[in-house]
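By letter and in written order, the chains are A, B, C, D and E; residue numbering begins at 1 in each of them.
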């Protein structure tokens, strides 16, 4: 069984029309929970708004949620359960490694398979071959992450950078790599390339090197693992107060040491500001609703959930109400600047992950993260 | 008569459990069938662990390395070559182009597991106790590190996708059955009997002429082969694999199954693997909510692991040798009852008869033969 | 007056195995009592039960008070010491540390009758090997340290399980000499021995144990009727 | 001069694992049993530091000590008492089960994100700047663990309770026979174990402030590797082993070329295997002393 | 005394056991045969446990080894069976130099030993323990089983055959460990205090088992025990060891008569044991 939510409250008045079931196989327990759950919560709010305003051609959107707890076999059998429960769209966890057992079930059953916020560009044919045509992620491609960070540095006049890559995930490596290329193209200079792997206990060492490299800024591609605060602490206490810049994965601010001298001049890109100051009133409203429900999002990634719902609805409408995965996917692949709450979404035959969407830049000053500006990465390869 | 019956029971017990799980699993919903197959595959891994740990008494935290190697080899070489070349451009040429059938991949995985474990065993099998535990753990860490970051031999840090899903209920059951038969056959070899003795007292074993190293190596290699085989079943069950799935979590989960069942017997390994597997599957369903008639029970998220951990602790405290007491199926009932209550009337007929010392009466306190008491 | 130790219908079972069926005996202060019998008769089990180290039924009375439920360490502090069967030294600790551990259970405020000088004199090897790891001593040497360790707690009652095990004949003599001397200072002895003849001669009272039951009681140290002892061993 | 700072870093990491090793070695020293759940004691201590972040530092540390000791004692009563006499590996597995469960409890209670502890973060400032980058925390770690370790060694090898602890470790049945009140002795061992866990929690969170559910397990696993590598029988050897693992890992990290750095764990664990094969009883266990009499 | 020891050494070095005292059982093999150790010295942390000791035993012969505690008897047995770590001198088995062989290898050449302190496979049953003795060297499962059953019957242990040995009394365990060694039908059997803690009746049974092993497989036996009477009865030749040196050596009768020579060792207890048997 699974928890079923029929957002929109009142029993269907449209009568005969069957609902559109989205089977969500996500993690509600483990390390992906902070990403998966807010995205889903926000998506359900979005769906309920759609349902309230008559649904998709009169059909309601219903989420059936399965907690896969990141256990591979369970992830697979949950996906099978979702399919047998009549799901016509599969919604998966935001880490491609954890999600693959479910993704493959979706692809095998020719369902449109959506991850709200996978941040690698693997969600698509590149990893899943021809079948992967049905797979999309509403997260940002690492190419964009890297590009926007490069732009951020250039824009603020930080011409030299130390790049620190956490080799734990392909996503981190990709972001840093793209940053370096773009940064160089834009006239920046990478002073030194450093790396470590989360958990290998060399972070303090790397931090010392980074702190002393003399670059105008440090770019760090990692997530909020225990090593991130250790890194920041080490750099700051060595007297380096220059900007530390990271991708969406370090969004949230919850990890920051409360010492204001340490948690300052830290920058990152994200989908939305969760600090109450996002420029978009739509997003602010959505956030307020989530907070009211006690589901306050931790990172800006939550907007990918409703964005995905909007994308799905757009595709269904374009397909004339068809739920045929192949058809929907074909339509989705042609998305060009489709408007969503997260900004314009575009896909292409190479990228089934969003590229070119504007980012929010957040700066943390003395432990207080706040919205700074919106930056658009620009077309790839610029 | 009795010994033969014991032998039959020893094999029939575990095998019938496989049949029960397979048959019961087939009767369930399609999603639950996946869980049942997973139970069978996990039990196969536990049997592989048992072959070494149970028989040698040396704890290895490294067997999952062999599962990993088997899984990646079988998965890689059966996945479509076209996507291999696009998604893993750095692969060695022969790995990028070779394509084998699923059956071949099972054999290959078993072979690779055996070869790898043999080589590791050559270095490690002289160690015992905690040193052996830590050294085998090191093997796990090394395997994980190499598989995750050496992208010439596999997908590296990304998932290996598009592996054909061929481990059906039948394949799972047959595979598990094969592992059980191999383990059973092995544990009746002379080599294994000597190994089992040596774990009780290695020094005494040496004195008797038993080469602990050699017999351990045999067990380690067979165990590695079975582990590789189980890895292949595993990858063909999921259809994909990433290194994190064959690492510490799986190591400890399967070890827990082995200990809870009873590490010293094949029956314990199979029962533990299947039993905890079923409990685990049940608990994960319970986190999604299960209906008991009209009552809907939903476990709070995360409770599955808490319950499993506590279960393991409690079982081991109550029954340190596992729920089977490390005895084979029905062994308790089929073996001669030990115990000689009262120690009373033993049959006489001692050849000694207290002959030389006791009977001459010249001593104030002759001590007659115990056997006549 | 109460005897120092009284076993009342003691019974020890291990699962289904009955090791001691019924043993009733007494040890008075300053008295030596021995328990002899064939292998597997239940001698060791009896001593362990007295010490509270195995579960038993029946009653064990120390100075007239039941010791039911008391753990071995509690009995040690009540003045009962034990030399267990086989080597049970702390193998990786030095001989000196082993002996110091022996003094743990000494009762405070009482002048010790037995001290380290005393035992070193009795067992010269102790002085010789004081700083050696106990586990490296030869079998017989270890046995001597074990006896010395028990003595050092200055007990009122000492339980010895085959103290002559693995000892060379001269060392056996030394042990009996030690026993003589501690009896002289008022320590009661409950002795289990395979050297039955010598043990019986040494003790005020002896019991022949067979199949977990006392078959014969010999008093006064002299064996008047050897045949009866033989029969007791055999079991009637 | 960068090798100086590499060395300083290596020593600093070594000291942390040395301290974790003390924590593991202590219980092993008394019970000949491994307590993997010690990691969860450390984790709870660290979480308690987070929960008491509003309080004065001293109060926060005091509460952390109390929490760690209480939890340590609870583990002793619930797990180690019933398992008395079981083998090191049995308890390793049981306490693994416990840590597994406790980690899930932290996950439920505190969430997967982790909580930052920033107490004493000023200790991260440098004593000697420039390329050496010697931090106060490193000095404090060396000092605190040196003191704690010396204290423990004095207790274990010079005091009566220490002797009783060692006797219990060796053969608890016989220890009882000579009158060692082993319940008390074991209790003391767990009190010290709890204190050492608190110390680890305080020191580690200074440098690595984010407390996640796997905080303790990650520490204890490497700590245990170190303990066995050094020679688990003696506290000193075990501690040195912990130090060596940290030190070698850190030093390798400085030496290995950046491109190959991902294989650092492989190199570290290869080192562990080589040492174990050459010196199965531990790097610091003198060759002669392992000869068992037959 | 030193002279005598030196003489014994000299003779043993030549490798022929029967020259010593002349009253030993005739060797079954030629002059190169026998289990021989020559000029063996072992030291532990500076302390000499053995000082240039030589000893030989032939097939079919029982050599008793007596001496005070700490004399080096067990150490000598360790040297013969390959368990001693630091050795100078050499060990030969039927002419083959086995000085550097591992214990396993020696066992497979037909050298079996018991240990002074049990070392049984405590979780296994009595029968399994004895079977393993046979199985470890070469026997098939079936023959191992029949060997075990016979030995257990001889020792009156068949009642306990299916008990785990941990549940046996000390004396019964002693029996099992001898049975385990005998089950391998060794060429040479080294027994370390097999009679310690045995009641005299059990001791007699043990004697019979040992004698039978000699009769059936022609084993050469080195027998250590502190019960002098037991040793003298069974031995053809006796070596007295003290402080790591050979103090005296000769046929049993001679040692028996020569009470003076060894009174330092025998004491009251030993003399008593002897007297008892001399009365026979």
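Throughout what follows, a contact is a pair of C-beta atoms (placed from the backbone, for glycine too) under 8 Å apart; a residue touches a chain by one contact, two chains touch by 3 or more.
Note that the structure is a prediction, hence the values are computed from the model and not measured.
J.: Applying the touch definition from the top, give me the chains sitting in contact with each of subunit A and subunit B.
T.: Chains that touch both subunit A and subunit B, as defined above, are D.
J.: Which chain has its C-alpha centroid farthest away from the centroid of subunit B?
T.: Chain centre farthest from subunit B's centre: C.
J.: Please state whether B-D or C-D has more C-beta contact pairs across its interface.
T.: The comparison resolves to B-D.
J.: Roughly how far is subunit D from subunit E, centre to centre by C-alpha average, rounded to an integer in Å?
T.: From the centre of subunit D to the centre of subunit E is 49 Å.
J.: Measure off the straight-line distance from the CA centroid of subunit A to the CA centroid of subunit C, and report it in whole Å.
T.: 76
J.: Determine the centre-to-centre distance between subunit B and subunit E, using the mean Cα coordinates as centres, and give it in whole Å.
T.: Once rounded, the distance between the two centres reads 42 Å.
J.: Could you pull out the residues of subunit B that touch at least 2 other chains?
T.: 149, 203, 207, 301-302, 304-305, 339-340, 358, 363, 366-370, 372
J.: Hunt down the residues of subunit D that sit against at least two other chains at once, touch-wise.
T.: As it turns out, subunit D has residues touching two or more other chains at 107, 262, 264-265, 292, 294.
J.: Counting only residues that touch at least 2 other chains, which ones in subunit E make the list?
T.: As it turns out, subunit E has residues touching two or more other chains at 83, 115, 119, 167, 171, 199-202.
J.: If you look only at subunit D, which of its residues touch subunit C in the complex?
T.: Checking each residue of subunit D against subunit C gives 160, 163-164, 166-167, 170-171, 173-182, 233, 292-293.
J.: Would you mind writing out the residues of subunit C in touch with subunit D in their complex?
T.: Residue positions touching the partner: 51, 53, 71-73, 76-77, 81-82, 84, 88-93, 97, 100-102, 104-105, 135-136, 149-150, 153.
J.: With touch defined as at the start, can you tell me which subunit A residues reach subunit B in the complex?
T.: Residue positions touching the partner: 1-3, 28-29, 66-67, 69, 71-74, 76-78, 80-81, 84, 96-97, 100-101, 103-104, 108, 120, 122, 126-129, 131, 167-170.
J.: Mind pulling up the subunit E residues that touch subunit C in the complex?
T.: Touch residues, subunit E against subunit C: 44, 66-71, 73-74, 116-118, 167-172, 193, 196-202, 226, 228, 264-273.
J.: Sort out for me which residues of subunit D touch subunit A in the complex.
T.: So the residues of subunit D in touch with subunit A come to 2, 5-6, 9, 12-13, 53, 107, 111-118, 121-122, 124-126, 129, 131, 133, 135, 207-212, 215, 218, 222, 246, 249-250, 253-254, 258, 261-262, 264-265.
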